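So that you can tell them apart, the chains are marked A, B, C and D in the order they are listed, and the count of residues begins at 1 in each.
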Amino acid sequence: MAEALGADVLRDLLAQMLLIRRFEERLIHLREDAGLLRGHYHVYIGQEATAVAVCRRLVPADYLFTTHRNHGHLLARGVDPAALLAEILGRATGCNGGRGGTLHPVAPALGVLHTSAIVGGALPLAAGAALAARRRGTDTVAVVFFGDGALEEGAAYEALNLAALWRLPLLLVCENNSVPPALRRAGQYPSSTHAARELADVPRALQIPAVVVDGADPRAVDAAVAPLLARARAGEGPGFVEARNSRWPGSYPLWPTLVGADFELAWAWEPERVPAALAEWSASSDPILLLARDLLAAGAATRAELLALDGAARAAIAAAERAARAAPEPPAEQALAGVFASPE
Amino acid sequence: MAEALGADVLRDLLAQMLLIRRFEERLIHLREDAGLLRGHYHVYIGQEATAVAVCRRLVPADYLFTTHRNHGHLLARGVDPAALLAEILGRATGCNGGRGGTLHPVAPALGVLHTSAIVGGALPLAAGAALAARRRGTDTVAVVFFGDGALEEGAAYEALNLAALWRLPLLLVCENNSVPPALRRAGQYPSSTHAARELADVPRALQIPAVVVDGADPRAVDAAVAPLLARARAGEGPGFVEARNSRWPGSYPLWPTLVGADFELAWAWEPERVPAALAEWSASSDPILLLARDLLAAGAATRAELLALDGAARAAIAAAERAARAAPEPPAEQALAGVFASPE
Amino acid sequence: MEAGGRELTFAEAMAEALRACLAADERLVVIGGGFAGLTPAARYFAPLLAEFPDRFLAPPIAELGIAGIGAGAAMAGLRPIVDLGTGSFAFEAFPAIVNEAAIAYYTSNGQTAVPVLYHLHSGIRGAGAAQHSHAPHALFWQTPGLQIMLPSAPAEVKGLLRWALLRSRNPTIFVNHYRLFAERGPVPEGDYEIPFGQARVVRPGRDVTLIACGVMVPRALAAAETLAGEGIDAEVVDPRTLVPLDLDTLLASVRKTGRVVTADETPRSCGVAGELLARVCEAVWDALKAPPRRVAIPDVSIPFAASQEEYVTPTAARLVEAARAVCR
Amino acid sequence: MEAGGRELTFAEAMAEALRACLAADERLVVIGGGFAGLTPAARYFAPLLAEFPDRFLAPPIAELGIAGIGAGAAMAGLRPIVDLGTGSFAFEAFPAIVNEAAIAYYTSNGQTAVPVLYHLHSGIRGAGAAQHSHAPHALFWQTPGLQIMLPSAPAEVKGLLRWALLRSRNPTIFVNHYRLFAERGPVPEGDYEIPFGQARVVRPGRDVTLIACGVMVPRALAAAETLAGEGIDAEVVDPRTLVPLDLDTLLASVRKTGRVVTADETPRSCGVAGELLARVCEAVWDALKAPPRRVAIPDVSIPFAASQEEYVTPTAARLVEAARAVCR
């Protein structure tokens, strides 16, 4: 069994969660700048605890696959926010040189080889990376994040079956962001477009160990993930986590929208200042506020210490923004180059 | 609950099973005639009880979808053996005028609208026909037969989810022909290429009622199917039957092969005459011999009566063969016609 | 079909046709049905759902499943419209469309018709990158048994869609383009049909024929304006449907002008512009006064960055260049 | 590469290359791997499984899943060979091939290579009917980012496959043809590679160029024999790989002969023969003495009946007809 996470770790996780939050928030603001942020995009606000808890358990050699909602996963994995932001703005300094945009950022040095925005598309790819890892005889794993929607796609089902049959070292993290707060921990949450009583029943039918956890609680996520990762590293096959999140109200509209105001960490102790439209979600479901309140209540941090973490996150994102804005676009004619890798 | 099948019904089912058996057997013989029977084909020998028991519960308006292994389903549904055989031989009198062959026979008047040989391909199509039936407000159902292999395909999974969500009047009949005799009735038969403990766990995960039965026993199939069909007709959604069969030894090689000798109904009472390679399967798993022995043991038929049924089946198939052999090929140039239906 | 002065956007005209068809034929059901994806034009389709709530089915994210359900339901007598969303998602549905819907009528020897319509909003949309910019109509043209409609203007989509939904008995791919939704144009008030297989001379001209499909039609008209300023009188012809193809009208134009540029927003190799070019070369070789040219996407995935995306787009400027080369 | 008198079937030469490559590079793994389907040639591949048991993975029937696994494993350093079986089953795998494998290198700005090989045995095989006769290589050529090899003879498959498996770092479609497995021809003993992008003049000639792909090469050679009897000296050119395409060699031949017939076993519209025809027309228009012709499958599904299947097959006789027309 995994040991409970200590205060140091939790503070560190909170710092990462704040970095993600501030990154996504900036993005929504950048959209106001006509022509700067082109195209549709998805933000990870409200799910930060899942990414940081999972990624903390990874080692550098591990592979990570994600989806259209990938910014949080990449930042939690350690990708430079400036490179990610530049990519989202289509700049030459972006992690794909501007060719991928928000939907396809990669970071090969961190095991992010290719990002697919096709719902369900990442699962077979991640199973493939897990296969490669296993054949090299290492204890490397592949982790794949995906939404509840992915389990509606046949690709996901085929990948689950293959991963189970071949006992692949694969951790499947389903982020079900459609769950009302009261049902985040408990079972049997039906989705409007899935017939299962709970999504974890699908991997269970294929004999894949599957756990349902509150995705807003990094300790719960860690406790679920640690033993599944250990199994996978030991060659005992895949594991599945359904991390339940309550969707951030700003992610209900077609385009991400800041609800009311910029996030403030002080809402943790001044809840009356939260905008009305966010009040309920902030009280029950915001993983940052939940963790901040816990740390304060446990005396594991002071308000000032927490605000300092947030200040650092904001500073890092501001620097990333400056760098990304200053970066050039890739040359137009370069569009025709680099379709094929040269032979070995 | 369904009433147990009476002796009259069982004798009638046996007659149909013999028709299928003799049809498939002739096909294997026709293959010896160089150039006559072109292409790969699949026979239904050993699974006859499932098709006849299911089809007996259908009414004319119902839809039937099947697979590459379709001959038995079509014959049980009442398709003229001469038209089916002519199709398999690519003749103008075939049920598709020779355009479809063994993989694609249709019989629209009997609800067989299109036959797909793509593993898993039939399930979404059948769900679509069920949708059409439901929207017309009738109690028509669609039944789809498929092999255990189909549940390895994502298409099947997506169709199950859709059928469950939309409560479609669909009966899913999975013919698992990979099961050793002792496990035909009992649970938890693992397949080499499916990770589920038993295949029925997949629909169960999607909250579709699923029953496992001995597919070699028409009474068991009937008992399983009748209530699921009643539910479906009443608008209560899909049902799933895993009909377990022990594969006929002649269907293990890539090409169907008569093992030892032509089938003889007299093997039911003269088991010592069964060729060695078939002996075990005939004793434990041949649905025709099992039913014949039951009828004889129960005094529900005499040997002579049973032999007469077989004689009739053979005569019908012989007539079908004569007709099909005499039929012309479709004109070559007609290949370019009939790609599109004319507008309404 | 007289427009009588009324102007609508492409999306409005399309929604108008959909509404009329839903009202006219009970067999029409819509699976999915955002139609306009994330564009502002989505607002024109939302009222349909309110008006015909029982005719819209909200599916899970299962393109293969719903494409197959649409085909099966069509075989059994419905007339389903399956909205597959972005063109790139159509690949998920390929087995159902290519292996089932496309073959059933022919393989059943004409016994089973499959009147299903698959709708995709496709093409280079602006920041769609590699997985939200595909236009798969060349792939569908390579698939015998599918009809393909590529409406290019508001009045066009209204008439073509009505014919597809109320008359056609064959599986049809409606290749819509993200950048057409907001195009404005005159649209007649009443109901009218544009039968498939009738190309349209959009702009008559004497010097060069521009055969342009879908979103390339407005671009070809813009190019023709530029060319007119240079003394080149371009004729713009819109095939409207690739299957069936009204080759006669295309050839008549090329015979007249003696010069041709074909244009489509699919990748160059085995794309639609190349097929049209090949058809012309085979048929009216002797009438050509200059080598033919095509305008297409170069053979690369669509890049995200604005500069690069623009660079690979077959714009009006590319058409002008090609026409100039042909007329030199 | 001297054959030294040894003759092998296509299947034997292919198996020989596979064996050598499996021995040479540990990163090669095979997912599936019947390779020859139901043909008697399957016996040449079975021994590989016995020799390299841990290099073969037996998958469930899940083309999409294994195509994606192959792509993901390639990204992570393996060199998987994914046998998708019959060409028609490749549609199941389209999302993984078209939306993932094909785009990863470009979209990652060259950071992630995807050295996966997808093998299909495709084409009109004899009684395959509509769902077992597809040859999807035109669809793959319409997909930027994929390499396509179409070997036409035993010595060819041995050299091309070795290059694909040991040198290439890109996703490659190996479009095999059911009717090639039993073709015999001289095959050199040792290991050799045929790099992609080098067309081959299979038979030199002066009067007309027959550009023939894959299974069409032996048919073109048969046609050339017939034509020779009529005083027409045909040059047969095999592109070997469509991507990369050695257009220069094709054009040099057409420049020399001034007449061209392109031939491929895909449906006519947006097919490979049409693309080759378009390339030639664009590039060497002035060198052509007669309108170009193509030989392809008419735009129908493949019918089952022998008479009709033969009728739609692009046979040597069809090539002869086309060449005669071009030389008239």
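Definition applied: contacts are C-beta pairs under 8 Å (C-beta built on N, C-alpha and C of every residue); 3 or more make two chains touch, one makes a residue touch a chain.
Remember, predicted model here, so these are calculated numbers, not experimental data.
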Farthest chain relative to chain C (centres taken as mean CA coordinates): B
Selected pair, greater C-beta contact count between A-C and B-C: B-C
Chain centre separation (chain A, chain D; CA means) in Å: 42
Whole-Å gap between the CA centroids of chain A and chain C: 38
Distance from the mean Cα position of chain D to that of chain C, given in whole angstrom: 31
Junction residues of chain B, two or more chains touched: 96, 98-100, 104, 116, 118, 152-155, 158, 161, 165, 193-194, 339
For chain C, residues that touch 2 or more chains besides their own: 59-60, 62, 64-65, 88, 92, 95, 99, 103, 106-107, 129-131, 144-145, 298-301, 303-304
Interfacial residue positions of chain C with respect to chain D in the complex: 88, 91-92, 94-95, 98-99, 102-103, 106-107, 129-131, 134, 138-139, 141-145, 242-243, 266-267, 269-272, 274-275, 277-278, 281-282, 285-286, 290-294, 298-301, 303-304
Chain C-touching residues of chain B, taken from the complex the two chains share: 63, 65, 96-100, 104, 106, 108, 113-114, 116, 118, 121, 123-129, 131-133, 135-136, 142, 154-155, 158-159, 161-162, 165-166, 338-344
Residue numbers on chain A that touch chain B, as the complex places them: 152-158, 160-161, 164-165, 193-197, 201-202, 204-208
Chain A contact footprint on chain D (complex, rising order): 29, 57, 59-60, 62, 64-78, 80, 95-96, 99-100, 103-113, 115, 144-145, 147, 163, 166-170, 195, 244
Chain D residues touching chain B - in the complex, by the definition given at the top: 38, 42, 58-62, 64-65, 88-89, 92, 126-132, 298-301, 303-312
